[in-house]
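I have a structure I would like to understand better, so I am pasting it below and will then ask my questions one at a time.
Chains: A, B, C and D, in written order; residue numbering restarts at 1 for each.
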């Protein structure tokens, strides 16, 4: 078991990887290996598994544990692995964290429990209690569109005092809250502030955030790493065209069809067209049919032309 | 293994029972036995386990399967047992349904998957696919406050054609939708239309719905059975004072404190004061502290006085 | 100026009438006269103008004041006229109430201000302040789908103490809240509890509420009056078929097309087919086009057949 | 009547000014003059009246027209004046636009009608129809928290083709939508893209947006102008400390108390402490009481110390 150290704070591009499947309840280990190599080849700074992009909640527990084991084994300590343990049942979160620790993951990530609605005090108390029992450092994960609650900047400030809580992935898309959170954390230089939506990575890194957990990095890892570096270096001439490519990807790959899961459908479909994994989603989500695949293929070719890359589609 | 037949349609009061716990992850089997006897003593027409009131989503899978086994064993075929299999992961729903079938449960109940947001077409397709694979009849469970989606009356009409889908529990509280649903189902006399919120049982049964899956029946099962019968018999003189008691219970036991889970906190606290189970909730929910317990105790005594019952508090 | 007394509590069916228009900003006085006669011919217990069905917020202030004057003049004291004064600007609400008083209206009706979001304390204080300054009794109007806030039962209980606040129209469709509100008001027999959605009138009147402010009574006033009386008389054999007709109307006239205003579009289109007013909505709403008109015509004929009425369509 | 030309695109800081009041329904013309001088003294690029910060919806129409006249008269063509004409009634919007044109305003601004819920097609059609009838150029105003609908980037792209629609103020706070909108508008260099929340001005201007309509510029106009210029010049060393001050203002002045209108209460209270206007809000909003005023005073002093300004508090 090889394990990568977790930098403090964690910086850079950490792709939230999809879970490659052979069937609804069968992990595609060869696809996973291909995906990991594709992503590491782009120079990313870590890998996040079993997030929303990883269809965490749709997988059986058997497959979730397998995904942890297989990813850690294949990554083999080359970058830190972050494991999503989001669950409505605290004992299941802890078990997954124990598997993560055993396999050499660097940290775990948890969104709010998503069945019952909690208030800020209840959510803060939940996270403190969870962190107390975890064998690995914890990243908070703010995902209100899926959990029905947004972690308030003030709650994050309180939680940042907990010795096991080391950062946050904010996927709210709420730019105001992100900046107010940044301000609340101004005296916590080791607390990692990472943004979910890739449309925001350029701007928040320019203003001092630590990086992005961006789904598009499954497809074009180098683009996101380049964008991150341009932002860190305040090189706006280099940054703006890269940012345009990210917006092109978002506009043309993530909103095909009329499902609210069009982002996930688009990413998995594009990866299948690139020969990396199959176009299979776990229920309740459905993969794109032929009509949408055709649209994705065309958009993907346009993006590749703009990026001047040569991966076959 | 004794099994009760499932009437078509299922009618009456089917309490959604709480899950008695000794600790966050330990089932209280003695408490469960006490609760079952308390409820069956009230003349109820079935028992529903692992619903929202049963804290389905907060329990580890080990405890969920134990709960199925213990309840079926103790009920021993005296009334039909309905088992909640709501889950975000379809394979876990199916496994729980298999345990339910093996233990002699009469049916299963599933709310919408609650992490990803689905549209009506996706949700309908999900339910059809789930029902295809279940070894027991399925009740739909409409719970938009927790799942972020409401089953439209038109979707229910489509699903009611599926041979394994036999009824619905509507917990939306949306009276308009309930009546429109009732109208959509006017040609499906065997499809069971049950209401979740007990504040609505009197009126919907008066107008022809089949019964209620009402949380307060954990506490005062006979009251809800009496109310159901008065409504079936259109005996409004008898019905109205019983309905007043139900509203008193809702007003005074379910809105103490400022958690959105005050209903669940209230029910479990009241049951603990009645000596039936402990005042323990699974995380992320917290039980009432002393201050709220004191309020519940006083309100419970007032309700018991109004009901002229003598269970010690 | 003839004025009808306001009964305490106000009971029965009070149609929320549409505003007949010749053009976006021109009142159709002849259409209004026809509509009033049509409705009064059905035996209704009052008329409510400038509610949501009356497109209150889309009309210029000139037209709103004209609508008050023309309606009061034509009704001429035959039934009480209730005037909607809902506005985001308190001075405009008061001016409209002054016109209403001058013209002989019996009461005014106000929903919450709908631009800024208020909390319950702010809303309660707003209503108290408004009521203090009104020359007529005030009905509260709970319309959360349009105002973004629901009047909590506890707030209504406080407001019911105000000498000028005499009732509430609850259009939330939330059956649980309606029953809890009913319970809160159990010691206020003169406070009028009226329901907006006609799908709920049967059941809430059976349980003791005072009546309905139901949009369908624009079309078939007698049906709603009959339904109200059957409910008051607890005559369920008579009530249930009438209730079925109401659900047929709601199902087939109020959900054609894909606008969220399909109810309003349907009512105005049906009234135009019945020769009572024109098929003109004030912007931002649009009237049905030919395709939808055709569907409405067919559904209307089916409903009229079921009702055995003979109004030409 | 002096009138400032409207640049294409409009760039810079355009404060959305508060409406100074002597009483609920009485404009404070002296306060308005003081405020205008205070703001113009900071070098701002325009003035926006009757926006959300201007309490548009709470003012009687008489006061709204007065506010247009008084502001235009006092500004006297020194900067372009933008007039909010947001209304649920289209005829009232047009009348206000006519007054604006007559008085020398440069443009008008309209959010979506906020009583009925519209879909994107209805909203697009509404704006086209409105723009056709306006005597001045129109800015769109995206304000979903108050209007219940967000203008989709695709709708804005369509509307940007209309010859009278010249820009948008996006107050959604949704950073992802803002970037996607920016991408949609990449071929419309004359269409002005302005951001509402001041927490986002630094980052969006860095990436190419045209400026901010920021409430805090009522208080510290120079700060926002400096921040805008630093962003335009890509001078991050200068920008970051200015951005910190903006976040300090937002954190400490806009979230005192527990009203959802705490931002507006904070701005008006701070302006009253600075001697510019009175601490009077139009109903339904309430001004801060003594307790909150004391907190605002202290925070204001800290902010002034950080800014090294000397306005008395």
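Some observations on this one:
Note that a contact is a pair of C-beta atoms (placed from the backbone, for glycine too) under 8 Å apart; a residue touches a chain by one contact, two chains touch by 3 or more.
The shown structure was predicted, so the numbers you read here are calculated from the model rather than taken from an experiment.
Legend: contact pairs of C-D compared by residue number with A-D, A-B or B-C; the interface matching in over half of them is A-B. For the interfaces A-B and B-C, the C-beta contact count is higher for A-B. Chain B and chain D have Cα centroids separated by 50 Å. One finds 36 Å separating the Cα centroids of chain B and chain C.
Shared interface positions of chain A, i.e. residues touching 2 or more other chains, are not present.
If you draw each protein chain as a dot and join the dots that touch, you get one closed loop, with every dot joined to exactly two others. Against chain B, in their complex, chain A makes its touches with residues 24-25, 52, 56-61, 63, 88-92, 95, 113-119, 122-123, 125-126, 129, 145-146, 148, 258-261, 282-286.
Residue ranges on chain B touching chain C, taken from their complex, read 173-180, 182-184, 186, 197, 199-200, 202-204, 206-208, 234, 236, 240, 243-244, 247-248, 250-251.
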